[in-house]
Structures are given as structure tokens and as C-alpha cells.
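Notes to accompany the following structure.
Naming follows writing order (A, B, C, D, E and F), and every chain is counted from residue 1.
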Amino acid sequence: MSKTLLSLGGAGVLSLAAAPAMAAVDPETAFVFNSFSFLVNGLVVMFMAAGFAMLEAGLVRSKNTATICLKNIALYSIAGLMFYVVGYAVMYTDVDGGFIGSFSFFYNPPAAELALLGADEATPELVKAVTDNGYASQSDWFFQMVFVATAASIVSGTLAERIKLWPFLAFVVVLSALIYPIVGSWEWGGGWLNSDWYIASFGAEFMDFAGSTLVHSTGGWAALAGAIVLGARKGRYGANGEVRPMPGANLPLATLGTFILWFGWFGFNGGSQLALGSALDAAAMAIVFVNTNLAAAGGVVVAMMVTQIRYKKVDLTMALNGAIAGLVSITAGPDLQNHFHSIIIGGIGGAIVVFAVPLMDKFKIDDVVGAISAHLVAGIWGTLAVGIFGGGAILAQLVGILAVGAFVFPVSLLVWFALKSTVGIRADEEAEVMGLDQSELGMEAYPEFGRGSQTM
Amino acid sequence: MSKTLLSLGGAGVLSLAAAPAMAAVDPETAFVFNSFSFLVNGLVVMFMAAGFAMLEAGLVRSKNTATICLKNIALYSIAGLMFYVVGYAVMYTDVDGGFIGSFSFFYNPPAAELALLGADEATPELVKAVTDNGYASQSDWFFQMVFVATAASIVSGTLAERIKLWPFLAFVVVLSALIYPIVGSWEWGGGWLNSDWYIASFGAEFMDFAGSTLVHSTGGWAALAGAIVLGARKGRYGANGEVRPMPGANLPLATLGTFILWFGWFGFNGGSQLALGSALDAAAMAIVFVNTNLAAAGGVVVAMMVTQIRYKKVDLTMALNGAIAGLVSITAGPDLQNHFHSIIIGGIGGAIVVFAVPLMDKFKIDDVVGAISAHLVAGIWGTLAVGIFGGGAILAQLVGILAVGAFVFPVSLLVWFALKSTVGIRADEEAEVMGLDQSELGMEAYPEFGRGSQTM
Amino acid sequence: MSKTLLSLGGAGVLSLAAAPAMAAVDPETAFVFNSFSFLVNGLVVMFMAAGFAMLEAGLVRSKNTATICLKNIALYSIAGLMFYVVGYAVMYTDVDGGFIGSFSFFYNPPAAELALLGADEATPELVKAVTDNGYASQSDWFFQMVFVATAASIVSGTLAERIKLWPFLAFVVVLSALIYPIVGSWEWGGGWLNSDWYIASFGAEFMDFAGSTLVHSTGGWAALAGAIVLGARKGRYGANGEVRPMPGANLPLATLGTFILWFGWFGFNGGSQLALGSALDAAAMAIVFVNTNLAAAGGVVVAMMVTQIRYKKVDLTMALNGAIAGLVSITAGPDLQNHFHSIIIGGIGGAIVVFAVPLMDKFKIDDVVGAISAHLVAGIWGTLAVGIFGGGAILAQLVGILAVGAFVFPVSLLVWFALKSTVGIRADEEAEVMGLDQSELGMEAYPEFGRGSQTM
Amino acid sequence: MKMVMAVIKPFKLDDVREALTSIGIQGLTATEARGFGRQKGQTEIYRGAEYTVNFLPKVKIEVVVDDSQVDGAVEAIQKAANTGRIGDGKIFVLDVGQAVRIRTGETGATAL
Amino acid sequence: MKMVMAVIKPFKLDDVREALTSIGIQGLTATEARGFGRQKGQTEIYRGAEYTVNFLPKVKIEVVVDDSQVDGAVEAIQKAANTGRIGDGKIFVLDVGQAVRIRTGETGATAL
Amino acid sequence: MKMVMAVIKPFKLDDVREALTSIGIQGLTATEARGFGRQKGQTEIYRGAEYTVNFLPKVKIEVVVDDSQVDGAVEAIQKAANTGRIGDGKIFVLDVGQAVRIRTGETGATAL
């Protein structure tokens, strides 16, 4: 399903087309609804930046906390700038069933909107020229922009506590300017995953309502590549294969972060209906909200039960990851019509994460916050689930998943290697022992607590 | 006032009825407004789950912090699942002036919406079949669902630091599947508190706009019952009646939680207008917002002044409780038309909490976060205030308050006793001394601070 | 531009006027949109109170943390109460091109709305009497109210760690009842900065879309006056002019606060479009959202780069201030039509703050959180930028900036002196050393961490 | 004078303080400490990986007393801190050559 | 060699360090501590219930010096830490049998 | 009996514990400490103003051993804690007059 340019979503298209026939919601009212939905839902998604920041700040050790905070606000900033400079165009303009959009820089408001804004009088012609687009162009930009940062946040969580600040941000530039927009263009930009050829070849278009694969797996692949190139934190894996936990310093903050993400996800999935200007869209958005909530709830409850059974104790951080895995899992198909399925999908996501996290440790892939498990693995599951639960074709889903991995993973590897062999990506050993807050920032997150310098 | 099925609220009913006559907001536009209001306001209420989590995480000692975080995310999850499985039906279907709804399981989207969503074209007939309902059915489910978790959150705060995880969650299952939905059905489901018989008997219907009684007192009664059965924290009350404070470990977090709750309360009260599709509804919602804010503000200022006078110092936690008590107080009647009254109502709520908290200690009812004072006592006051300030009849308010208490308190007692005498509800003494984080989770909230194991 | 009474903003006016001509958005629908926009955007701004609280709680030392939390919830409460009692009337009623509005107390819903709410039937006449206003009156009150608290929050951040609680709150009363409303009346109330005389004299009306000057500089001037009268924290400046840092105790909390402020700013700027009931308004609001985000992003990235170059390390707190400075800078003109300009404006704001913060220290002006730099200095820059980037006339901007400073600064000085010479404003020396939490509250923010009394 | 230094379980601190006060000792200094010994630390689990906490929370008490009070102090601490369970801690007695009260400059036993 | 151990008010730490440095002492070790003594703890109030904080924040300093420096060190600390108010703390002097610098293995006074 | 008191770099704690265990020592008590010495603290920058952290994080270890074990313990600590870089810390040996196990009341070397 093309996410913006080709249509207002499958649902949106119908309603807009039908509108004149039934003299229902008038086009300007629908325009306002659609735009306001982008803005409000986008704003809700924007807040996920705070959620990722808190989740990660809670799960790192205190000597790296200030740095992860900085990385999070920096990556959100950079992602937004790059998406304005080039990302949006690469993703949404002139994709035409292909593999990439155009490189027109600086996405500014279209002439029709500027004409209306600058006119002495809002004549019907001027208004029509604007409303014909269905929504305010910049409201769409805003909504799409906030998704980019999500992909980048995933990477920051995995690589925390050992990656250098500026090289990490350099990767974010590439991810938000090119990698993510290219992948996005394949589907939401109306590219090949969405083409007649694809449907003919694999039985259906690739279905990814709000981005289990396009956003979360993309971030996850990039994180995985980074984790491999970067290596594990010093001391994390013992010589005899034992895993040494490095507990997060502030679990209530991690809990807050998860709640913020959950909150933000309603915008993420709900706003991906991409329209609000008809009864159909409103009803669909409501269904999306309900599925989103139930999948997350399923993820939490299953993750709790599995850890209770497996470890005899309940792991809070796994419950938090369970919520996120549930949310990621439902993101590909939150429009399914039997809510019970969303509980199953989310619940399986919650189970997956409990097994995937120690599995990563088996492979000595050191993922500080469990982002690869919760975003990549659950993202794959969620995308497949759309095929399983009747929202698409399993083969078409699989091909899309593989295509994204086959592009994002090696390209990310390449970028990480390039950075490693030039500026270097890893903090030196002493900096890692003392904490990145000291080496990169010269500043402590909690100077009066624990080993903080201001305790005396 | 019936909260959903019978009408779109007193106000909503008028506007929808009047709409055709004046050719104003067309039905589909009104449908979108109403649905979007449910979604946006519901989303804002959903965030209260984070608010409760932070408030409680800030007010417990650090050795129980991770557990209270887990309880909060678990209870929100479970409440949502149970409300889908059975709660919504018990509350809203086929109540018919009675005491309970029906037991139809799994609340899924209605046929009319599925037909529209699945159609090739949105024909006027299909659209009308949907818009006749006034709002997207699942948007209403979502809005009502988030209220359930609130009731459960109240219980978790009171019983913190000593109740075992799983038995607590078992209680949440019963509360969200049955206790709360049954109480809710009496009024918002169109049950007996809302019936002609009730009006004839007590002079008016029971008025509880957004749930001072139905939500907050219900949670408060359940918490009170739990506190009695569970007993106080070890060492909390000395042999000679002295009260030993156990200060909360993280007051900025508690402050954040309170701000989030305040934020969420606009959705709680504002969304309870239940409609947005007319000038009347929009104006009414605006009035509700203003009253909500002023009542909370009054609660804060009065609580501060009372603690300053009484204790010569201002107690931050009382100011926070004052905000919440103010909010709870105005929840029964946030539609009153002289804003000054809301300041009085909220201010009295703020005063109440300052006196109720030490009073509970007199009775050795150990309420960790003051939830009984802020939700039950202030909830009773707020519900009475509606009668006092002309929004209903005092007798009718009183009967409703008593009826809810007479049902929720003994039933909760029963459930708590049942749990106590089977699985047990109280952590054993050593677990309580060491903290529940160690016994239930094997995990620390702040491993690098205070007595955390990672400080060395 | 008058912010409410004279019109619905420049843009709003056009769309409402044009509406009948093109039979587009009907007046009642537009009324609902406009009102809902005020409520939703206002709610988003309300949350900034939490943002300021967390930012400040993170940047003070732990011995003053509970006090700053209390100040923040108290000031938000008081600001709301005062704005209801008198502030709104002073700001918005009967300004008529002058210097102050009227002193009518207690701003309650207008007769037309009460008539509609109380009627048996929503007749077209009743509805028209309400919708003629363009928006629900109390939705506007709510939106304007949340701005007052912002001004007060700025003051609290600067003066933290040494000012006594109640005298500070007394200043907040004056600020929110008189100082801010008077300044606001000059422009948004339709006063002299907005008059024909002004335009004739200075080439254009004063332009301040959402309050770089009216809100942020006003708060900044009041904070500056307070900082001068109050003096620096004990030990902050050495005898030989050296500056002794007093690091904030909880930087992730400060980061969270900044993200919340960023989130809230979309409501702050976006809602200041003051209308949503037309395609023009929706398109304009979207543009405002985009500019707001890019300016903040620019502020972060530039502040990071400048600190990296200047100090060889990146300062997280400067990056956070950079975000805020970027946001303040764009607040005067977030409606500009080339988004690139917003990056430049915000980026310069980010650079300003990095230089202004140490500069303040040179003058021994002790601003705990950098509020003077981020709000006053960046506010001046942002207001000038509107003239530079073609949204107004530089002279007109300059005169407005100076006029606000010439009023707010001396009046604030006077109030601070009056408080100082009566009740006293500064905590005594021992209280300052032990922390205000002990002297004012008798309570600790983190009793189990650091030097907390519960660590043993 | 002697310094009686005891390592005890944290929740026994108030009992020990009261026991010492009751035999006329007016001051003591306490420090958070971590103990390693026969008592085995609990096993925690974090994200699927187990680990043992080797160092357990203890409180260290230092109280300087006149030679005549040493035995009483040791006994008081030993009784008050005793739970009979492994990890109760140790008491050590060290020699103190001199004591000074900072406020007054008094020295010797009167400084205590 | 002797160990001079002092319990002082926390905000005096920098003064004490400077006083010791000024008489040629090059190293010391400080620890957060809690003191119980004649100085009474402040009363706090939490949610309507009063309580007294018995243990007050102190800093414990341990500095090992050559016998010849003991008196100077004691005096320096006593002067620098003195506020004249109750609770200023104590200084104790203990005997040290041996000292080793870990880095070099040097022993005795040269290890300090 | 002697008390071996060592001030070491925090990340060496586990190595030191293992070294002591390997020579048969079964218990020790550790405390967070701050050290001031020849090792210079790092310079931090906060909002445009520089400052030096004078007191560096250290861990203080106290282990009481039988006279026969003193040399072994000192050597074990010195080796395990050594990095060869400034700031590695010190070891001091003090005399202990008596030791009591709180749990059992045992005294002397058997109490260790």
C-alpha cells in the first residue's frame, strides 16, 4: 500500500472518491480532518523520541546515561533535518514502481498552498487547488518525518555504552537521508513492492500498514550490522561463554519510556490510516487503535508469563520489551478486523522477545536494550502475521521482508565498516571503562548519586 | 446519565437530534468528530497509566520500585484484555435499567462497519448504516477501556510494597472484568441509577459525569478492602500508635506522574462529553476543560496552604495529592457553568486529602500513596458537590454513592479474602524487608544508587 | 496581530469571511474545528508545565529538587487561577488599541453558550448566536491560560536553589494577574503594538506569532530582574571571578523535560494559528509544525557543534538549551514559508545560547537553568528574525521588543524589591547550604540516594 | 581508648545504636559497606542471564570508647546485632592513641 | 606511622583538604559516613507524620602520616573543621604498622 | 591479628577479592571511598565553566587476618591491585586487639 503519494491509503481512497456522490463530508472539511489527523497523530509519534530516550537512558549504566540522552535528542534532530533536505523526496517523489525517488532538495510547501496563504481572499479556486491534494502537504511531511527518527532510535539503543558520538551521528545521517527513505520508497512511495509486477509475481502487494518491516526491521537490520562491526561491551561475555549482565541504572525511567512509546504508537499506527475525512476512515482508525492496544497488552502478559515460568521470576525489562514487541508485531497489520487476532499476534511477539534476547547473547551480539529482538525479530513476525491472518499473501510478505533485509543489512555493514576504518566508531578502552559521559561529554548524568563526583 | 449506549450524553443527544433541522454539521462529519474525540481524548486518558506508574514509582521505597512499575504496566494490559473479553459487554449491553449487562464475549467491530470497510464503494447506504450510530463503535470501546485501568491503578498504589504480584493481578482480573463493569452498568450502561424508578424515588437521576464515584470511588473501595485484608507494611505503625514514615524514593518522578495525570484528566473529563459533533458539544467540552484545570489548581493551592499552616512546612506529596483530589472532586460535575464553583470544589478536595491521609494512619490503614484519600474520599465529596452546586439532587447522589460502596467494598473484601486464604496475598516477612524487587523480580530498580548491588 | 478578540488571526479571518461565499466548511463545523484546535493544542501546551518541572528538577542539585517540583506545580496552579480571576480580562477585553484591558473579574462562559447549553432544543438561532463567535469562548480561555504559566516557569528556573517559596509565588501572582496580561494586551489583546498608529509610525504592526517576546522575553525579563535582586547562589562565583559549576543532579530528567517542551511547543506555535476551520488554516498550521520542528533541530545541532569546537566536548545541557533556544527563536515567526529559514533561525538561537550562558556568568547573573539565555536572548533574536526574514519590519520589531523590556524589567525589579524589603526573598544561609528541601519542605527528593537520610 | 569496629546487617543498625546508648555510649559513626564472606549473595537474573551478587550490603560502625567500656560495647553490639544467621558480621577492637573533639579541642576520653 | 581518622561536617571537606595540603600532606582518603552523637538530627515531616533523622551526614577522613606529622595533621584538621557548633566531629589517632604503595611496592613512610 | 586496609581503584575490586580468596582468606569488607593524592582528577566542563574533580572514586577494603597471613594478604592485594599507574592506592596494616563473630560469639582468629 502506498503511504502517501499514490493514494490516501486503500481506505482513504474509497472515501474520498465516494464523497461527492453522497454529498457527505465536503472536500474542505475532509481536508482539514486529514491534515489535522496527520498533525495530531504525528505529534503523538514525535513524543516517541522522548520514549526511546527514556527507555535507553533507563537501561544503560549510569556512566553512559548522559551520552545516550544526547544521542537521542541529536538523532531526532538530525533525522528531521535530513528528511527535509533530501529524505522525503527520495522516499515519495517520482518513485513510480521503482527503487528510489528523486533527489530534489529541501521539501517546501507547494505553490498552491502558498498562493492561498498569500491571497487577499480565499477564493473557491484557490481553496480547491489546495484541497484537491486531500491534505496539507506539510502535515504529511511532518507525519512521515517522525517515522525516520524511530528507525534511528532503534540503532542507538543497541549500540549504547561503547559507540562514539559523532560517528554514530554520521550513520544517522546516512540512515535518515538514504537508507530508510529508499526502503520506504519501495512501498509507501509507490515503488516496486507495491507494483503490478510484484502483485503478479507474488500473489499480492507487500502489506505493511505502519512499518513493522519498513521502519522497525530497517532500524533493526541497521542495528544488527552495527552491533557486529562494533563488538560487544568490554567484559560482557566471559571467556567460557558466560554472559555478564550489566543492569540498567534506572528502571522506572525505562518503564516511563515504554509507556511513552505505547502512547506514541497509537499515532504511529492510527495516523497511518492516512485519512480521517470520512466515516470509513474514522471507523478504521478506531479499529487500529484497539488492535494496537490489545497487541501490546498481549505482549506484556505473555512476556511476564514466559519469564515467570522460565526463570521463576518476572523480569520487568522483558515485560517492557514485551510491550514493544507486541506493538512492533501489530504494526504491519493493525487494521485486522478481529481484535482477538491482535492479542495472539502481540502475545507471540512478547514470547519471541523473551527467547530472542538470550539468543542474541549466545551469538555474542551485544544489544544493550534488546532492540534487535523487539524491533527486527518481532517486526519480521508481525509482517508475516499479516499474511497468516488473511491481510495479504505470505509469499509476498516474505519477499518484502527479505528484500528489505537484503538491502539494509549489507548497506549498513558497509557504512559501519567505512566509518570504522576512517574515523573509528568505538570509544577507546579506558573511555569505555570510565564511561562515555566522561570521555565524550565531560559531564555526569547523576553527579550526586552512586559514584558521582558530587557525592562528597 | 447514560454514558454511551442510550445516548451521546445529555448534550450530545440534543445536538444530534437538532442537526437535521438546522442543516448544520452533517451526520458523517459529526460522526468523524465524535469518533476522533473518543480517540484523542481516550489516548490522553491512556497516558494516565504512565502517570500512575510514575506517581507510585516515586512514592515507594527504592527496593519496591521495579515491582510497582511492573504492576502498573501489567494492570493496564490486563484491564484492557479483560474489558475486551467481557467487561465492555457487562457494562454496556442489555443493561436496560438493571444491575448488569450481558455476558457476550469478545467485543469486535459491528457488521455495519465491517461492511463499509470491506465494500468496493462507500455507498450512501453503507455509510448511513455506520453513521447512524453517531460514532465509531471501537472508538467508544477505546475510550471506555482506558477508564478501567484507572480504577485498577488506584488499588496498586494503596497496596504497594507488600502485596504479591500475581495475586494482585488476579484481583485486577476480577475488578476489570466484573466489579467495575457492573458498577459502570448501573449508570453509564443505562442501569438502575439512571432509571425512571430511580428518578421517581430520589428526585433525580444519579449524576456522575466522568466517574468520581463510578471510577475513582470504585477503585478506592477496592483499595480500602485490600488494605484492610492485607495489613500495614511491617514497621509502619509502632506499638504506641506512632506512625513511622517510609518516604518515597523519587519525588520528581512522583511530580511527573501527577502532571501526567493532570494532563490525562482533560481527556478523562473532556472526552466524557461523549460527543464533539456540534457547537453545543464543543462549547461544553471547553467548559469541562476549564473546570478541570481550575479544580486541580484549587486543590494544589489549598493543600499547600493547609500543610503550611498545620505543619509549618509545605509537603510536596500533599500538594501532589491535592491536585489529584481536586481532579477527582470535579470529575462528577465538570460541566458546571460557574467556574468559580470548580475552584471551591477542587479546593475542598485539596483540604480533604490533607486531613484524610493522617486519619487513615490513625486507623492503621496503610495507604502508600494516599489513593484512598484522594480517590475514595474526594470522590465522595465530588459526587455530593454535584448535588450541592445544583447539578443534581443530594439524595440521589447520596444513594448512588452508598450503593456503589455497598457493592464494591464487600465484594472486594470477599475477593481479597478468597485470594488470601488460597494463594496468599502478602509477601513473606523477609521478602518485605529485602524488598519485593528482589523476591518477585530478582532485579533492582536502581542498581547503582543507594544500596544497589552495582555500586561497587 | 491580535491573538483572539479582534480576529481569528490574519489567516483565520480570511477563511471565515470566505466561507459563506464558497459554501465550504459550514460555520458550525468550523466552530467545532476551531474550538477543538484550541483544546487539543492547549492541552499539548499544558503539558509543558511538566516539561519545565522536569527540566528544572534535573538541573538543580538534589537538595533543592523537591522544592523546585513544588514551585512548578504551584506556579502552574496559581497562574491558572489568576488568569481566571483577572488576567484574561486585563489581556483581552476592551483594550482598544491601548495599554491595558478591563478589570472585570472571573471569566465565565458567555450568555449565548449558557443559553444553548440550557435549552431544550438546539434551535438554529441559539446555535448561530454561539457559532458567530467562531470558537467556544472557554476553549480560547484555556489556550491563552496555558501561556501564562510558561512565562512564570521561566522565572522559577532562573531563581532556583535560593529563593524562598512563598515570596516566589507572590511574584507569580503579580506576573500572571498583571505583568504578563498587560504586555499581552498590547499585541494579542489588540493594543497599541497592533494599532494603526503603530503601523504608521514604525512601518508595520509588531509581529509575534506565538510569543517570542510576549511570553518568553517577558518571562526572561522578569527572571533577569529577579536574579539581580536575589543575587547568585552562595559559592557560585569565586573571589577571583572564577565560576564554580553546580552540576544538575539528574540529567535524564532534564532531557525528558526538554522533549516534553519540544512536544508542547507544537501546540504553542501550532495552536497560535488560532483557527482550524478552513483549508487555509490547516495548511498554515502544518507549516507552523514543520518550522517549529526544524528550528529546534537546528538549535540542537548547532549547539552541539559549537560546544564541541569550543570546549572539545559536547555539553548535553547546552544541547538541551539549544533545542529550547531554537524553539523560542522560531516562536515569533513559525509561519514563514521557506522552511530552510527556520533552520537558520533556530540554529542561530542554538549558537546564541552557548555564548550567552557563560556571558551571564561573567556578569555574575546566576541563572540555574539558563532560562535568561534561552528565553530572553533567543526571544529577542527570534522577534528580530521575523523582520529580517520578511515577515514584518525590523524597526517595528525592535520597538516592540524594547517596549516590552522597558515595561517588564523595571516593574519586575520593583516587585522583587518590594518583596525583598518586606517578607524577604532569599533563604537564609544555612537553609541554602542544607538545601531548600529541608528548610521549606522538611522533605527530601531522593531520601535513599546520595546524602539522603534513608540510605542507612 | 579503643575503637570498636563492627560490621553488621543494615536493618540491625537501630538496635545496635539503642544498645550502645543504653550502656552510656553517646556517639558513633556509621558507614555503608559491602561484605564478602561465608554468607552467599543472592542470585539475580537480568534479561535472561544470571549473576551472583558477591558483595552484600552491610553497615560498618565505628565507636571509640574508653578502655573500661570496651567489653560492654562489644557485648552490646554482639547481642543487638545477632540474628543467629550466617552473615551477622564481625566486631574488631583496635587501639586508639588519641582522641580530639573538634569543636572544643578537648582530648582523651573527655573528647568522646 | 599513624592513621589520623577524623569525622567532620561534609561542607568542611575542602577546607580540611587544603589545610592538610598546606602542611605537606599529599594524600588522604574520604568516605561518606553518618554520625550519631550529641548533635540532634532534624525533624522531618512526611505526609502528616513526623520523624527524626538520627544519623547525620558526616565525612570520614583517613590520612596516614609519619609520626612526626601527627600533631600537625591533628591540629590542621581541628582548626579547619571547627565551626564551634555541636556536631563538628572527632579526630582519632591509630597506630599503623606498615604502609605500602600499590603502584611501586614501596613501604614505610616513603609509601605515603 | 591485623587489619589490612587497602585503598584501590574500583575496577580492581574483583581481582583483589579473588586474590585474597585464593590464599585462603574468607571474608572482607569494602566501602566506597574518595581518594585525594598525586593522581590528578579529571577536568569536567559544565555549561561553559571548567572545574576539577579533586576526589577520585576509590574502594577501601578492610580485611582482618591472623598475624601469619598478613604478609600474604598484603602481597596479594599489592599484586592484584597494581596497574603501574599513578593512583593505584595504598595498603596500611593496623593492629587488631580482638575479633568477635557476632553470630556465634567466637573470638580471636577463629572469628575471622
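Rule of thumb we're sticking to: a residue touches a chain if its C-beta (ideal position, glycine included) is under 8 Å from a C-beta of that chain, and two chains touch if they have at least 3 such contacts.
It should be emphasised that the depicted structure is a prediction, and the values quoted were computed from it without experimental measurement.
K.L.:
Starting at chain D, what is the smallest number of hops through touching chains needed to reach chain F?
P.N.:
When the steps are counted carefully, the minimum from chain D to chain F is 1.
K.L.:
Give the chains in contact with both chain D and chain E, ordered by label.
P.N.:
A, B, C, F
K.L.:
Could you compare the number of C-beta pairs in contact for B-E with that for A-E and name the larger?
P.N.:
Result of the comparison of B-E and A-E: B-E.
K.L.:
Is it true that over half of the residue numbers where chain E touches chain F are used by both copies, so same, or is it different?
P.N.:
different
K.L.:
For the Cα fit of chain A against chain B, please give the angle of the superposing rotation, nearest 5 degrees.
P.N.:
120
K.L.:
Could you give the separation in Å between the centres of chain E and chain F, each centre being the mean of its C-alpha atoms?
P.N.:
One centre to the other, that is 18 Å.
K.L.:
What is the distance in Å between the mean C-alpha positions of chain B and chain D?
P.N.:
48
K.L.:
Cα centroid separation between chain B and chain C, in whole Å?
P.N.:
31
K.L.:
Centre to centre, by mean C-alpha position, how many angstrom separate chain A and chain D?
P.N.:
Centre separation, chain A to chain D: 53 Å.
K.L.:
Which chain C residues reach two or more other chains?
P.N.:
29, 40, 247, 250, 256, 311, 313, 315, 317, 442-444, 446, 449-451, 455-456
K.L.:
Touching at least two other chains at once: which residues of chain E meet that condition?
P.N.:
10, 30-32, 34, 44-46, 55, 94-95
K.L.:
Chain adjacency by touch: line, ring, star, complete or other shape?
P.N.:
complete
K.L.:
Under the touch definition given earlier, write down the residues of chain F that touch chain B in their complex.
P.N.:
On the chain F side, the touching residues are 10, 13, 30, 32, 59.
K.L.:
For the complex, give me every residue of chain D touching chain E.
P.N.:
Touch list, chain D to chain E: 1, 3, 14, 17, 26-32, 64, 94-103, 105, 111-112.
K.L.:
What does chain A use to touch chain C in their complex?
P.N.:
Against chain C, the touching part of chain A is residues 26-29, 31-32, 35-36, 38-40, 42-43, 46-47, 49-50, 53-54, 57-58, 65-67, 69-70, 72-74, 76-78, 80-81, 84, 106-109, 113-114, 116-117, 119-124, 127, 130-131, 136-139, 141-142, 145, 165-166, 250, 253, 256, 440-450, 452, 454-455.
K.L.:
Quick one: in the complex, what on chain C touches chain E?
P.N.:
Residue list for chain C touching chain E: 433, 438, 442-444, 451, 453, 455-456.
K.L.:
Chain B touches which residues of chain A in the complex?
P.N.:
11, 14-15, 17-18, 21-22, 24-25, 29, 33, 37, 40, 44, 61-62, 247-252, 255-256, 258-260, 262-263, 266-267, 270, 276-287, 289-290, 293-294, 296-298, 300-301, 304, 308, 311, 313-317, 319-320, 323, 337-340, 343, 446, 449-451
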